[in-house]
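Please find the structures below.
Two complexes come next, and they have one chain in common, chain A, joined by chain B in the first and chain C in the second.
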Partner chain A sequence: MSDDIVAEVAPATEPTVTTSPTQDSPATANGDTADASKKISPAELKKQKQAEKQAKRAQAKSSTSTPSQQQGPFKDGSKQQKDSKQTPKDDKSRPLPLRRRPSQTNAPAMKEQPEKKPKKEPKQAGLFFGHLYSQPKQQSLVGASKDVHPAVLALGLQYSSYAICGSTARMVAMLLVFKTVIEAYQTPPGNSLARHLTSHHLGPQIEFLKSCRPLSISMGNAIRWLKDIIIKIDPSTPENEAKRDLVEEIDIFIRERVTAADRLIRDLAATKIQPGDVVLTYAASSIVEETFLHAHKSGIPFTVIVVDSKPLFEGKQLARKLANDGLTVRYYLITGASHAVKDATKVFFGAHAMMSNGRLYSRVGTALVSMLANAHSLPVIVLCQSVKFTEKVALDSIVGNEVAPAEELLSEAERRDLLPLKSRLATAKNDDKSTLEDIPADTTDVLKWIEDAKNLHYLQVLYDVTPAEYINMVITEYGSLPPSSVPVVHRLSTNI
Partner chain B sequence: MSADPEAKPIPGFDIVATYRRILNDDAELTMPVAAIEALVEAIAQSSVSTVAETLDLLERHTAALKASIANPISLSAGTDLFQRYLITTLNRPASLNLGPDDDFRAIRNHLLSNGKLFVDRAKQSREKIASFGKHFIRDGATVLTNGGSRVVGALLRRAAESSTLRFKVVYVLPSSKSCDSKEGHQTVADLRDHNIPVATIPDSAVAYSLGKVDMIIVGAEGVVENGGIISRMGTYQLGVLAKSKGKPLYVVAESHKFVRLYPLSQFDLPIEQKVLDFKVAEEPKEEHHSKNEQQRNVFDEAIADMTAKTHVTPLDAYDAVDFTPPDLISGIITESGVLTPSAVSEELIKIWF
Partner chain C sequence: MAGATTTQAPGLSTFVKSLRTTPVDPSVEHLISLLKRRQIRNSRPCAIATTALLLRVVGEFKGRDAAKLIERIKQVGRRLTSAQPREVVVGNIVRRVLGLVREVVDEHAEGQTPTGSEPGHATPHAHHDSLHRPALNSSMSTFSPLRHAVVEPAHSSVYLDNASDVSETSRRPLLLTSHTSYAPTSSAPLVNSLFGLFSQPADTPSSTGTPTGQTSPTGNSTLTALNLERLADLHRGQTLDLKGEVMEGIRELQDELETSDKQIAEVALEHIHANEIILTHTASTTVQKFLLFAARKRKFTVVHAETYPHDHTATHGILLTGKKREANLDDDEDDDKWKPLIDAGIQVYVIPDSHVFAIMSRVNKVILATHTVLANGGLVAAAGAHMIAKAAKEHQTPVVVLSGVYKLSPVYPFDIDELIEHGDAGGVVPYDDGEFVDKVDVVNPLYDYVPADLVDLYITNLGGHAPSYLYRIVADHYRSEDITL
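Moving on to the complex of A and B:
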């Protein structure tokens, strides 16, 4: 975020020479600066530079203490972010840039921005979630760095298309691919593996994966662990040996932290299912599924309620699998959750992450279901490997979250239902009326309407945060704990 | 020593009898400490010579002990703790500093002497808790307690002995059929001797009296992983009432009562209790239904019956226990300090990992 601050604030510092220093709208500031920079003489330029320096110094001091400036109007904020991202491209095409300092290069570029894409700018920035749109999601191989290993490219696309979904699955897939990446790695002459591998070879891979879909907490933990063992490799170890050791270590990590942990959690959680229980779960989690199947195989008679919702409908798969294995399953959408909860006796959740303040970060909708369960005083049990524990804390679902693109918000059928509304939309937009009439009705258009509409925002977040007081028990491979003990176990599992 | 666990334990040594004897000999002793003392004695009298044998012996004795009494929760806290201690010391004999040529006999002697040390310390802990806990009683306060617990008795007595502290006690008397009732009367008489005004009330008068009460102190049979307690029947409703009136509820318990158990509800305890006994017509027996018991659904009862062990007579309502969830507890006063309920799990993790 720090570079965003600079980008946003720098133009405002310039007009200190010509106009008053209190510029509340960066857009107007840009206009002024562009004019001003043309007029001034070399002497004035010097003066201006000095003023700038002072302003910048003051800014550096205040930037940490005044988050309001940066957060203030979200629309402007993210617009600026966008602009700053585009500047490098525009900047290169300019014949003679006035100054090359990073704080100023974006000023001329910004002048042409407002006219160019005035419609798209305020979009996506709406509501409280503007900050989540700052990084556009990579959906193709275009623009990928040449350093990225083909296996990683494939994995990235699987991430962004949700072919590999779920925090554990993503982490395991990543580690397996990293094994190939490490095997294909050759230390360049004059470098040591321990120093070079992480920053120069793994770095771009991780960056690419991050651009496909934000890293999950478990992936972050696994990457931290991997970097840690790479840096600890003795530089005198022969390269082949070091690579073999790394691959082995990764296998052990997966075996200990995922496979064995899953088994322990599954066994422990299955003992919590009593004969006659009606266990409710939300969306899908591999470990919850394993637990149900294990309990079912050990002959405990119980039934399952799967509550599910948009956009991924993960619960459908789970319900299907459980039903195929002979369990009695009821499937509800989240709109019927209040009814589902009435019949349930226990609630099991999977987790994306457990925060250090005991809060659960999981598929959006989990908080709602857990609150309902709490209101009915049902025990809420979270199944979570300790690799998903994080030292981060979350107070709400807004600051840290992930947004899904619009096409995942509306299903194909829903888009088709919206098509008859096209005529109304066309009257609202006078300028390109004729073009709209020509194009045959296509479901993909619906998304364009949303995109073009000034007063319609779409928002599809993927996660939410469940407060600790709605969680009765967290089952990990270390045993069952209250949510308040998450930081203790996290410390324990990372310090060994 | 390849006997299967179901086989009769060591001829010549009756762990259950030893345990009972220890418990009877010393009225001050709690169940977990008595269990540890019995186990130490069992090891002392046996002729085990290897680590595996010791653990095997311990396991069989523990199983025999647990099977012999109706409510092994408190006892299992002691046996688990001892077993855990043994495993850690036996696996790392070097940490005992017994010298380079340590043989198993040396380790065993070390264990035995440490076991005795543990028992001594456990006895002292009650006094330590009393000295911690008495600061929670402010001058002029009225304390409500449900008695039965020796630690609570010790704490109140200690507070009474202090000359600067004036306080009143509301004592919820246990039912006369309960095994705790004698202990309760003893404490009341003691306190009255110390010039502490004591009012005794029945269970049903708790809500009525709460308006005059400043704080509540209860004992516990076991402190479970989530920071809740397992205690004499009626503690849960006391907790619910206290919470609704905003009165702090403190638990006094020695840390050897921390038990690795995580009940999710009243009916998730690993013991059978004959509290809800549904009957029709013939002999209408008077029953004390507490608020929480009435919520119990019929289905759970059926399950409890199915899974119960048959050879131990279930506890009846007067000696039964209930589970008080951690959100009703303000603090747990132990000999190692005053803990919040959430710190219990941390302490247990420290012991077990």
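Moving on to the complex of A and C:
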């Protein structure tokens, strides 16, 4: 059923934007009730009553407000999404045309975190990642600026739920949405397009996306490029023409920097796969997948080892796709990586970004696998479009990183496994827990235990930094190069 | 066969309970089936079960012939190890018990010069004080049927099996006569101990192949049982209360199993300083007790890799409640309860295993639990241990391994893969994802081999050791003639 609703969203997000203030208030009310009803624990009966009252009020409110709002289905959709914990996300239709299927999250846990997030903050400031917890992740439409285009709202939620994941996919999705934003944009009288569009109109959109999930390096690069070309627009150009030019430029950018680059990299990388090779990869990357499929189609017999890790299990999707296309695939989790590396002859990685000091910034765990591969003297090859190169540098994975909500760490199944611990916990806790005895144990209780445990923290970051000495080759659309040449190529690609 | 008729799932506690009432042979069968079905797994439960069983075996042993007792223990040991060759600790315990028997025999053989009356078991033997490296087992396959499928080696077929094994040709003399082969490695101490002297007549290709150090005493004494016991009590040296002393030794071994965690924990303060960041993995009680002991005096931070997919539930459980779930199911009134680390005021950060490299640059020390420690200083531990140790090495972070001496095994790992157990693929990808499981080869290794050069320090209940020194401790605990069961 969530499918239907989400499908409805797509048209709603597309064309007209009438950002009326009424949209916000019901959305807020609904978001609140969803929040409150989630937090109900039998121990807090008072709160429950309050929530019920609130819910009734909100219901009354929403029934009085015009049902024909454009935002109607959308906000319901988001609420629906929250409520349906168990529905797998797989069937979720995407409102945006994507070059790459979003690597869908298999862990149903993802769906649950939104409600808990704000409460979590005070406790989870720990270890040396404290600086990364500055901003709570935006998981709903609550508090979104009214200037934010609905398509951007939808995109933001897809970011935060990992429906669109992977730096290339995120960048492409963002650019496509910005196309709609630009098409819908009208310069207010007395302003020039070049000035107003960048700072006043795109600004809030980007802010919202940032609040959903920190921008990827590629997104940052794309945004910089976009702002640059907007500013360079001749003020004398008529608005329609300027907008059309911009949209065209975006299309060209995607075609040149992503689609064509992908093809070049794919063709080059596929030549590195020799017959009989056992190629190991970690997690999932669209370009690695394309390379494998290309090499397979050109008739090279080789096998693939996919190493994966929780909680996103991106590699599972990759393994599934490759296996469906007839490749021989072996699947390990990261704990078995030492065994997986033994059988491999080459290692291919995708990248989130290539740092200017030659280090690879990629899905957490990449560093481990490349370390093991390096210890086995396997060639480690990174496939990366130059749009993901950055002038930033990184020494470790701690200063710059992205934290993910700790709740995502435990999947539904894992929580269920922990439920038998309840009796043991109940003795340790006060008697307010004993009221829980009658109620069938809920998997969300597990999260509550963890939250209640004063000194216990669950920590999760999304990326790590692989030292340059573990990387033998970086393949870009400019050719293959050692990691030390990354800054050169970066200059080359940005100076054009 | 002794089936557990209780409602409890069969496991260590049901086995120990049933041991009281069941005769020996069905108990052996029972343990074999439990091992085979993996209903008793991991080192400590296996060690406890094996000692309990051997105590019964020795207790019910009829007769006074040490050689026969050794043969009996060996026979049980062979069956147990072949039931689950990768639980190396079973074989360790069997060898320890065999060593006990031999020690008792030796002591009385040189009874004229009573150096120490107590049958100490964990002390170095005079035999092994030579500078030579003892002739230790080169590969697991000599005593495990891994290479030869899971066939319980009948006593006589052991030789055939090994003779056919090309890689072991060099060791063949050792197999044919287990004690003469010992002589070349350290001949001088042998003569001193008289052990070699006694064994020389046994050189005739008798099929027993067991040391018959008892031949002369038993041959000489045609005394009645009553007399024997009285004589033993009087410390005449001529004869002995073999059974009693061995059983006492086994009980001491049981004590050792019980106290080894505590003994290891007691040195914790020597290794953990204030405000340290310690990385560990798995739900090892040894490690938890070690950290907990240090937590009494010091404040530090623990980063805990959750060891997904095979040990994460126990890990989360032990962090939340201070108790493994399995233990929880086994018996609730267990007095062996302790607080979780978090209640001791220690900050615990749980991370997925993929984060190890990212975090390692800030970690001061890595403490690993282990499944088995091998004689070359390497270890077999829960999967993920290798990459943790490797990452630690890359960051120059010291790696400390905590292990009871009972996990130390006289195996030199030449074929590592045969030590690694692979688990149920359903733990990695649930079987309800049938299409995936069908098309993709899902692999779930349960253990990692960590080479000795990645380990900086071993802490056992005897103290701290360098990995290169472990062979010495092995030599202290196992008789070389028992290495091939």
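Heads up, the rule we're going with is that the second predicted complex is superposed on the first by the 357 of 496 C-alpha atoms of A that agree within 3 Å, B and C clash if a C-alpha of one lies under 4 Å from a C-alpha of the other, contacts with A are read in each partner's own complex, and residues count from 1 in each chain.
Here is the rule we use: a contact is a pair of C-beta atoms (placed from the backbone, for glycine too) under 8 Å apart; a residue touches a chain by one contact, two chains touch by 3 or more.
Only a predicted model underlies this, so the values are computations on that prediction, with no experimental measurement involved.
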Chain C versus chain B on the shared chain A, clash or fit after superposition: fit
Partner, of chain C and chain B, that touches more residues belonging to chain A: C
Chain B versus chain C as contact partner of A:Gly276, first or second or both or neither: first
First (chain B), second (chain C), both or neither touched by A:Glu256: neither
First, second, both or neither for A:Glu241, with chain B first and chain C second: neither
Touching partner for A:Gln460 - first (chain B), second (chain C), both, neither: second
Which superposed partner A:Met473 touches (first chain B, second chain C, both, neither): first
Which superposed partner A:Asp325 touches (first chain B, second chain C, both, neither): neither
First, second, both or neither for A:Leu421, with chain B first and chain C second: second
Partner chain(s) touched by A:Leu492 [first = chain B, second = chain C, both, neither]: first
Which of chain B and chain C A:Glu183 touches, first, second, both or neither: neither
Per-pair minimum CA distance [chain C against chain B, superposed on A] in Å: 18
Contacting residues of chain A [partner chain C, same complex]: 126-128, 306, 309-311, 316, 319-320, 323-324, 328-340, 363-365, 367-368, 371-372, 375, 396-398, 401, 409-410, 413-414, 417-418, 420-421, 424-425, 428, 449-450, 453-461, 463-465
Chain A - residues contacting chain B, complex: 272, 274-276, 346, 379, 381, 469, 472-473, 478-482, 484-485, 488-489, 492
Chain C residues touching chain A - in the complex, by the definition given at the top: 277, 301, 303, 306-310, 312-313, 316-317, 319-321, 323, 325, 328-329, 341-343, 345-359, 361-362, 382-384, 386-387, 390-391, 394, 420, 428-430, 435-436, 439-445, 448
Touching residues (chain side chain B, partner chain A) in the complex: 225-227, 260, 262, 264-265, 299-300, 302-303, 306, 326-327, 341-342, 345-346, 349, 352-353
